[in-house]
Each structure stands twice: as structure tokens, then as C-alpha cells.
Amino acid sequence: MSIARIGILTAGGDCPGLNAVVRAATKHALKNNIEVFGFKNGFDGLVKNQYIILDDKIVSGILTRGGTILGTSNLANPFNYTLPPLASPEEPKDLSSMVLHTLKTNRIDALVAIGGDGTLSMASKFIDMGVKIIGVPKTIDNDLSATDFTFGFDSALAVASEAVDRIHTTAESHHRVMIVETMGRYAGWIALRSCIAGGGDICLIPEIPYNINVVAKAIEDRQRKGKTFSIIVAAEGAVDESGKMAVQKKVEGSTDPIRLGGISGIIAAQIEKMLNVECRVVVLGHLQRGGTPTAFDRWLATRFGAKAVDLILKEDFGNMVALRGTDIVSVPIKEAVSKLKKVDPNGQEVKTALEVGTSFGSPTLG
Amino acid sequence: MSIARIGILTAGGDCPGLNAVVRAATKHALKNNIEVFGFKNGFDGLVKNQYIILDDKIVSGILTRGGTILGTSNLANPFNYTLPPLASPEEPKDLSSMVLHTLKTNRIDALVAIGGDGTLSMASKFIDMGVKIIGVPKTIDNDLSATDFTFGFDSALAVASEAVDRIHTTAESHHRVMIVETMGRYAGWIALRSCIAGGGDICLIPEIPYNINVVAKAIEDRQRKGKTFSIIVAAEGAVDESGKMAVQKKVEGSTDPIRLGGISGIIAAQIEKMLNVECRVVVLGHLQRGGTPTAFDRWLATRFGAKAVDLILKEDFGNMVALRGTDIVSVPIKEAVSKLKKVDPNGQEVKTALEVGTSFGSPTLG
Amino acid sequence: MSIARIGILTAGGDCPGLNAVVRAATKHALKNNIEVFGFKNGFDGLVKNQYIILDDKIVSGILTRGGTILGTSNLANPFNYTLPPLASPEEPKDLSSMVLHTLKTNRIDALVAIGGDGTLSMASKFIDMGVKIIGVPKTIDNDLSATDFTFGFDSALAVASEAVDRIHTTAESHHRVMIVETMGRYAGWIALRSCIAGGGDICLIPEIPYNINVVAKAIEDRQRKGKTFSIIVAAEGAVDESGKMAVQKKVEGSTDPIRLGGISGIIAAQIEKMLNVECRVVVLGHLQRGGTPTAFDRWLATRFGAKAVDLILKEDFGNMVALRGTDIVSVPIKEAVSKLKKVDPNGQEVKTALEVGTSFGSPTLG
Amino acid sequence: MSIARIGILTAGGDCPGLNAVVRAATKHALKNNIEVFGFKNGFDGLVKNQYIILDDKIVSGILTRGGTILGTSNLANPFNYTLPPLASPEEPKDLSSMVLHTLKTNRIDALVAIGGDGTLSMASKFIDMGVKIIGVPKTIDNDLSATDFTFGFDSALAVASEAVDRIHTTAESHHRVMIVETMGRYAGWIALRSCIAGGGDICLIPEIPYNINVVAKAIEDRQRKGKTFSIIVAAEGAVDESGKMAVQKKVEGSTDPIRLGGISGIIAAQIEKMLNVECRVVVLGHLQRGGTPTAFDRWLATRFGAKAVDLILKEDFGNMVALRGTDIVSVPIKEAVSKLKKVDPNGQEVKTALEVGTSFGSPTLG
């Protein structure tokens, strides 16, 4: 069988580099006389048969642009899809077959699915149903063990590090404790690396539950050395040792978790109460997802996109592209998903952070 | 009388460019064989007689650094100073005389006071008491009518505009309404100009109370034109038309006003309820204050600092430096303070914004 | 008469902010039900009747993009146009009438001409021939006296200042003299302001001829103070006191003036010969013209573009938009062109630079 | 034996991240009660016994600063050192023993040598003479095979990519061919990756000799597709197929190779002659070395610095730190030096570049 037409989709939260993958895959495919259908808004476009035909002109100039020209959707899981109100009750079970129908109708020989854990798990199910799929991993949190880095992470890190730099000057001038809250609900990579890169004093991540007394003591230790300010870099998923999920639950119970301050607001209030010090918070939120990708991310995304089409040309389906050292390799999607790469509390990176003086607010570490 | 020694202080919230003023004033003074005492943490250093002697080496390399090497304080108003617990009750009324005492003891011939409205008002009182002062205006909000621009504003604008750029790609990819909340409690300059510079769709500022229905309608108008996303740039001081201060009061009544989301969290909740659309918020907060100043701010701050010493050399005291067009001029401090420069709802800039399609959420404008 | 259709063109060297002008003018025009023709490559498009019709979709997203979507041309002066080889000999005298023909054929009621001195001079001639024109000034060198600032200048300054910052760390680490060569053939604004903003030690601009011995002495003075490095910011048009234009002529006589090192290469060789010091050069060249405009430039360009259409609506033709303080005003094109704004050697800005320790390499200044 | 005092030096061309290594090594050493001597200007400081004692205060705030607070020197090879004029003729052979003398006198137990190929080769000789050394690799060109990445490279890449972005807008607006010349005398990594990251059309690197006719044809192919501009990214060491080193020799024969335009000036002249097109050049030069390191480089440099002291604590001397995947490992210095990592013309990265449409100007590739 020869490949004449492929589909591409981008699903899940947006991420700098998505367009670079789309561009590279499209250019490489077109060079091999393969047509490219860009499905809109993730699997939603496959369900609804909505697409644009990608040609050289459309992908020209998108390399440097954040977001995705295909649109994306966090919700569109065709396996448990909420239908619009007017749909008839028996339809839901057929949604995944609508996807198959779309692929067949448009004679899509293979699919490049760019997305995170959820997207790749869905892709995995469609592979079982006979769809020819190549996966491209996308997680701004860099928490996939199958690949050394995912694109978007470096761009997020650049934003977080620059934020730590900016906050430094204010903290120093005002003798304050400042908290920078980064993304990272389950993995602390953005917080840990931006803390190392920005010279943060305290780093709070999901993998190392903190004790607020240890955090306070770290600040006091600095004060004793004449350092009148401290910088805390906290992942949004940072958890308190005693009753770990309490804070998180409370936040999730609010009408608007992320936007209303998150974990760092709570920590700030605690510190102000415990120590005689002003404490301010910056929640970076969506700033970490948007904007022009860094050179590294554009390079990685381009290599991923080109490799995805390489695998299609070799008809080596069911695989996901991944970075190992400086090589792009392929790994079976089924193996790749669900192996989360978390920060190892006893690993090298935490050790480095401790060695340069960072506290993790943990009674047992450092 | 000839000037042999001057003092410099930086007071109020930190602001990119403070160090550039300190550097320029020090370099210019030293060239004229004037010694420079840098008082620490604003008027606090004058009350407590805490200073460092500024020489060429200390100010070398600070031009590009955010914050202030002198430290600052939002609170230290020597006219209504809260004494530390152990002080005796009769002391408070003498705090301003402690300032005079510090100046006299150290034989400070003149003082460069770099600060905002509050600082300059205090300076004004000390001028009445015979202190020779030159003021340098500092307000990140650019809300002083005596000068075309204040340093720090351009740097804040750069941060806010870049944030709007970043948010754009996410809004577009996810078909969302995104709100970027900027500084500006009483004046909407940062919000207005970053909205114009970033191509925001809706701009909410203190000077133009909004009606949430008009805001919602502006979003729907865009949807009708096929634009599936909208960007709102909202000043932290944006007010709702009906019961203007309600929101602000509520926020101020919380233990942690700024950090817990501010006005934009409330607007987001309203919009999500009114329209079937996801709405996300980014509160820029302290990111706008910190970091390396822009070229414009370094240039302006350097010109302000040099001019301040020019005025000292001419013994033209009681004045504040200001930018008019491209000239640095001097204006009496007494006249300069308290004339807030607000956005004119009927002025040129709002008109420009309306002309390029921005809505202010106002039932009467546009 | 009412305006139903206008034309826009961008001419001369590209400049960050051109697209922002095009976007603002188009949006404002469309709101007033005026059609907008975008002529391609400056006056070239008017001669050849090449245009695109600008609608809301085309100008969407261009605010942040450098360059011009209309294309530009440095050469296309319809008054002394070099015809392509095959054209018949009598045609040249009719080129300007070809412009008039294009305007008439397409029923263009008025024209927005965005360009520099040359473009506005041409516009001026067409005004004499009855064409209704509004001018928008564009000069990256900021050398037009009719306006406080032109868009593009702040972006160029940002690039130049960042370059000075980068070069600083190398100069310091290697104990070198480093020269940063900026744009500015006739006016030294970019060099002067990036020197002030970047803390350069020596500034060489066309308006203040330098003496290489004075330059060398300034470096030696720094060495004596223990400063083992020096930063020179030189405008490309910097001239040597003795035989001012010699260097420039030599450069212009080469096949490729700018790209082959320019004035700074010559100065570097001289300094290495005179002093026992390594000297390195960076010629910024086209880096200063490209890329995303700064927030200030986007704001200014947007205001210029909207104002241009304001003037069209008022049928107030023959004028150019300009910035005075924070207001956008209109000035007659005829008055505006040819009044170059040069750096005043005895003016405020040079004085500031001298006060913070910058040398101009001049035997008579400082 | 226990380690009580170590020395650190930075040698060779400066590179973003040097200070981060110095800071991390110092902090980690001090935590282990090891004193740290920072020798000045590379091996020069060891020869002349010039150092500063590094404490927590000195390394505070240097993480974000480019260059090196220790100073550096390209020349100071104590094995073939040019003595100052007044030295007696018999001294030169003793220079390496002066290094040993300095180490002994100051009771330096071990040395962290941060530098490139040359520095590590010298270190290797001192290891043979019994000095306890840990090497930290530094090459902005990323051309060391023992490590996946070296710090500084990512920062250089960021500068180069941003330059390509800026140049894009000018090239497009003016329908020009633009050449961006990057560092890379022997290895084309910066050019290749910034070309991939920036979407360059033609990439010229030392490893793939180009043929100017193939370069010209690639430009014409684009013109035929309606693309009126082309971007060339050329490493400074790019070589012409016919008579490979000719160009390089000519450049090296000039009094001032780098600064006078290099290879790209020659290519530009050729292209202008061959095709009817304007061609402009930007030589990035030292811009690629200076300024604040990227987050990645700060992270990598910090990990290298901490690891170097880890190895000292383990008394695992004679090794160099290196990155493999995401782990920091140690490799024998002797093995690490002299294995240059060049771009493989048949490797993955060149393949990716070809797949997205980049030409290497080679008659045999692509």
C-alpha cells in the first residue's frame, strides 16, 4: 500500500511548537506527493469531519507562531463525548465510528496525532481499531518518560525563568518574599528547572511535599545571613505534607481554581502570618503556553514533525516520535503513554538544586 | 553656598529605571566633586540615618538592573510613621525632625527624592521646612500630568504587550475569551496602551466604567463575524458601571486583594455564565515592575538623573524634573503633585482605540 | 465630495510598525465604509497598477509583524524611474501620469503614503498635481524635525541597546575595546540614545566629527581608572574630523559599503595600532530594521494610521501626521519634508551623555 | 587526603553560562567547607598568581550575567607563552612550573578548569604533571563529541534564530536575498540549528562544501514558486567546493578577518552578479557570545558546576563533566578532548533540514 493522503490534528492544551510540527510534517509529506488534511480542533474535527487542506502557502510563516493554526480542544474525547443538546440519545456510542467514517470518507491513509497523554491514549484505542497512526508527544510539563524533552517545555521554562528574574529585583528592593507559581499539576519540572535557572531560594513541587515550617525556616535562615528577601518557585501542584490534597481540593472546589490564586496564595498568607515579612505572588498561568517558541522548541518540533512523516513513509505505524540525547527515535505509543516522568526526589536534579542552596521545604531532604 | 554633598533616595513601589536615575545623578555629581550619600529604603533611611556612600564603582553596571540598589519602602512616611513596638509614645511627632537631624548631621546640602505622588508630597513638606530638594517623578502608571512620560511605564507596557501577544495564540487556538489584567488602580494607561499595542478587543479601565452586558455583546459581535476568540485587557482598577466601587471594595476587604485574582476573575465568571465560552485570566501583577528597563526607560531615567543634578548645581530647588516632548524641563514640585493624569474618555487615545475596533464595554462610548 | 475608496502604500526601507499603520488605517476606513486598496511595493504598484484589496481578514494579525505586507521598494520614484529594458524611449516622461492613471482607473479618492523623506517629497509633487494625499512619516533614524518620534526608531533602539548590553559582557571578560556600529548615515539618534541607554563609553555620530587621538585618550583615561574595557557606539555615518568625508567616500566606493565593515572597522584598526588592546566590531545593520515592533512603535504606528484616515474623513489633505508630546497632530507635508532633525552638539541630550561620562571623541566637546 | 581549597578558572572565548558554573561550583564547595580561589584571566592568573577569593556574596547575582567575573584570555597557554618584553630569556621554559608554584604556594588541592578544547588539552598536560583537575567543557559551537550539549550554545542559537526572524521580515518586504552569518569555524551547529529553527532556505556549513551555482539555483527555484525572497544562514567557516579553503585563507590574510565581512560578503557579491536580486548580509559575530544566558544554559551550567565539585569531593580527578540525555556524567578529559563533534552530512539533522525544504548548496545532497 502506498500513502497518498494523511491527516494531522493537534489536541489538548496549546503549546509553543505545535505549528512547527504541522509545518514540518506538511512540507515533508508534500515533497513526497502526499496530500495533507489538517483536522480542526483535535478529535473534534474528526468527529465532525472539519478540516482544511494544508499546502505550502498555509504552512508558510507559521514556524514562529505560538498556538496551532488547526485549533485544539481539551474536551473532544470521542470515546466519552458529550453530545450537543439536540442529539439523539443513541448516538454517543457511535462517535468513535464517526471518526472512522471521516477517515474513510476522506480516504485518509494515516494520521499524525499531536497531543498529550490523553490524546495518545485515544490514539492507542484507534490503533486497536485499525487506524494507522503516528503519535507526536506534546506536554508543556515535560512529564513523559519516553522522551528526554517535549517541545513547548523550553518555551515555558524561558517564560518562568524570566519571571523569576523580574521578580528578583522587586523582592530585593522591597525586602520581600515573592512566590512565582508555575504550571505543573503532577510533575514539577518547570518549577524545578526555572528555580535552578533563576536562582530561586525555595522550590515547591508535587513530588516533594513541603512542610510550611521548613519553608519558613529556610526564609529565616536567609534573613540571618543578611539576605532580606527570598524567592519561592512553586508548581501549581505543590502539596502540603500534612493532608496533602487538602489545598488542592479546596482550590478545585472553587468556581475558578487556577485563576483565583492557587496554592501560592495560601502559602503567601501562611508565611505572612508566621514571619514578619511582606509576601507577594505571581501566578504565571497561561503566559507559559503562548507566544513564539524558543529556538530549541522550534528545532525539536520540526524534527518531530519530519520524523513522523518518515515513519509514515516507512509504514512503521503505531509509534510515537521521541528525543533521546540528540537523536529522534520512535517508540510504541502503547508503551509511551501512561509512563509519567516525575521529578525524582533522590535524583540528580534535586541534588544539584540542594547543592546550590535551594530548599524544597521538606523535613527529610537537604 | 556651594554644594559639597547630596543625598539620594528611592521611595514607593519599585520601578524599572530607578537605578539608572541613581547612576546618572551620582556620576554627574561626582564629576562636579559632589559627594553622594544613598539613603536606604526611602525616607526610612533618613529617619534611621542609614546610607551607603555612592561612588563610581558602586553605580557601575546598575544601569541595566531593575529594582533599586538603595532599597525602597512603600510605608515610610515620616509624617505618620508607625514606630516599632519598643519606642516611647512621645517620639512619633519628632520623626520628621529625625529626618532633618540626619540631613544636618551628615551635612547633606541637597536631596534628590525619587518617588511617586506620596514621596513628592512628603518632599513638598520638607521643602516647606527648608530642605533643598529636587524631585524625580516615578510612577509605573504614568499618571502624572506634569510629565509626558515617567520611566518604568514603557517597561511595564513592554511586559503587558508581550503578555497580550502570548495570550493571543492560546485564545485563538482554544476559541476562548482571555483576560489580561494589568496594573493601573486609578489610571488606565498601561491597559489602554498595551491593548492598542497588542490588538486587544476589549479594554476596561478605571476612567470608563463598563457594563458587563456591553462587554458580552462585544464578544458576541466578534463571534458573529466568525472570530471565535476575544482578548480583554483590564486595568486592575476597572470598575463596573452599576455600583462602581463594589468590586473594588470586595477585593480590598479580602485578606489578599491583588494576589487572589482581582477584578478580572469576577468578569471571567460573569462572562462564562452569560456566554457559552471558556474564559481564562492572567494577572500580570509584579511582572510589570521588575526586570531590565527598556532602552526608552534607561534613556529617560538617565536624563532625569542628570537633570536633577543640573538643577542642584544651579541651586534651583523645589523643582521636579519632567519630560515635555523630547526636552527635560523642571516644574515646581508643589504644582506637579496631585495633578493626576487620567485617560480622557473623550480624548485622542480612546478615539484611536475605538477606530481600530476596540470596545470599552461602555454603553455610551463607541 | 465623499470618500469611497482610498489607496495605501509603503515605500522606502522597511521599518517595524509599517503593518501597524496599514492595519489601523484599514480598520478605521472600513468602519467608515471606505474601501482600501493596498498598492504593492511603494510607488511601483501605482505605476504598474498592482494592488491587493485590504479587508479585515488580511490585516488581522499583522500588528505584531515587522516589514510590510504590501512590500516596499527603495527605488521606485516615478519622477525619475528607470524603465525595464524593453520599454520604448518616450515612456519615461509619462510615468507620473501612469500613477495618475492608476488612481483614476481604480477611482481612488485619496492616498495614504507611508514613507520617508523621499516618499513624502514625491507625495508633495503629486499633491501639486491634484492628488489627495495624507503622509505618514517613516524613518528608522528618527531624523524628521516635524515629529517628536517616528515609529520604528524605538524598535531599532531596542535592538541596538540589547547589542550594547551583550557586547558589554564580552568586553569586560576579555578586557577589550568593542565597537557597536548602528544605523544613522546623517543623524546620530540611534547611536546616541543606545549609547546613553546602554552605558557606552564613547559615542561617535555624524554631527560631532571625532578625532581618533581623542578617542584613544578616552580609552586610556578609563584604563588609568582600572577599567580594562571600553564600549564605543558608532553611527555608520560617523566622520573623522580631519578630512571628514574621506572614510565615507572610501566605503561608498567599495562594491558593498555597509556589509564590508564600514567606519567601525577602520576605527578598530586604528585603535589596535595606537593602543595595546584588542578591538572587535559588531555591525548591527539590518537587525535594526526587522522583527516585531516594540509596544511603543505599535502604539505610535496605530495612532498614525488611525489619524491618517481621520484627516481623510475631514478631507484635510496635503498633511502629514506627527507626534507632539503625546498628541497626534497634522502638519503640511511641504513644510515637514527636508527639515532634517539632527543631534545638536550643544543640545540637552549630548549634555546628558557628557554628564554621565560619555566621550564623543571630539577635541572641543566635554 | 581531604580537600580544603580549590581553584577555579575560566579560559578561552567568553560564553553565556561561565558565571553560572563558577557560582554553582563555589556554592557547592562552600557548603562543604572548601575554600574557593578564583584565578583571573584563565591560566594567566595561575602563571601570575592573580586571584580573588570567591565567597557567597561575590557569586550572588552572577547567575544571570553573561561573560565571566574571573576574566578570561584566549592566549594564555602556559606551555607556549609569550612573555612580556622585560622578562629574561630563560624564563619561558619555566612557565608551567610557575603554574605549579602558584598552586602549591596557595595550597590549592584541586582545580576546576572551565574551557574549550585548548584549555582542556592544557589541563590534560597538567594532569600528567600531577595536578588534580576537573574539566568543565565550554564551546559555544557545541562541537565536543563527549557531551550532548555545551552551555552557551543554546544562548548563541537564541541570538541567531532571533536574527533570522528579524531578517525574514526585511527580506520579504524588499524581495531580497539576505545572508545571516553565524559563528562556527569548523562545525556548523549554530548555523544548522538556527536555520532549522528560523526556517532558513539555504544553509551553508563547513561540513558540506557548497557550490555557488547550486546556491543560485535554489534561489531561482524559490523565485519560480513565487517566493521573491530567500534567507541564507551561513556559518563563518562555510567553504566553497572548488578550492575549499581559498575563501578562508583570503579572509585570514586580511588584517581583520571577522569584522570585515567574512564568507558571506563574498557569497553576496557572487549572488548579486549571478541573479538580478539585491543581497544583504548581517554578520552576527560577538552578539552570539554575550548577554544573559538562556534558561537552558543556566540550568546546564549550574549542573556542570555542581557536578564538578561532586567529582572533587569523590576525588575522582582527571575527568570532565558532560551531559548525556538528561544526566550529568563524567568522562576522562584525555578521551574527551580532540574528538570534535561535526555535523554529519548524512545524519539525522541534515536529513530533517532537507525534508523541510532547506538546500545546503551541495551538488550531491538533497
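Which chain is which? They are A, B, C and D, in the order written, and residues in each are numbered from 1.
We adopt the following convention: a residue touches a chain if its C-beta (ideal position, glycine included) is under 8 Å from a C-beta of that chain, and two chains touch if they have at least 3 such contacts.
The structure displayed is predicted, hence computed values, not measured ones.
Novice: Kindly list the shared contact partners of chain B and chain C, in label order.
Specialist: Correct list: empty, since no chain touches both.
Novice: Could you tell me which chain lies farthest from chain B when each chain's centre is the average position of its Cα atoms?
Specialist: In terms of C-alpha centroids, the chain at the greatest distance from chain B is D.
Novice: Pick same or different for copies chain C and chain D, depending on whether their interface residues overlap by over half.
Specialist: same
Novice: Go ahead and note the Å separation of the Cα centroids belonging to chain C and chain D.
Specialist: 34
Novice: How many angstrom lie between the CA centroids of chain A and chain C, rounded to a whole number?
Specialist: 42
Novice: I need the residues of chain B touching at least two other chains; which ones are they?
Specialist: Only 162, 165 qualify.
Novice: In the complex of these two chains, what residues of chain C are touching chain D?
Specialist: 10, 13-14, 16, 18, 41, 65-68, 71-74, 159, 162-163, 165-170, 172-175, 178, 255-256, 258-261, 264-265, 268-269, 280-287, 289-291
Novice: Looking at the complex, which residues from chain B come into contact with chain C?
Specialist: On the chain B side, the touching residues are 23-24, 27-28, 31, 56, 63-64, 148-149, 154, 157-158, 160-162, 165, 193-194, 196-199, 225, 292, 294-296, 298-299, 302-303, 306-307, 309-310, 324-328, 348-349, 351-352, 355-357.
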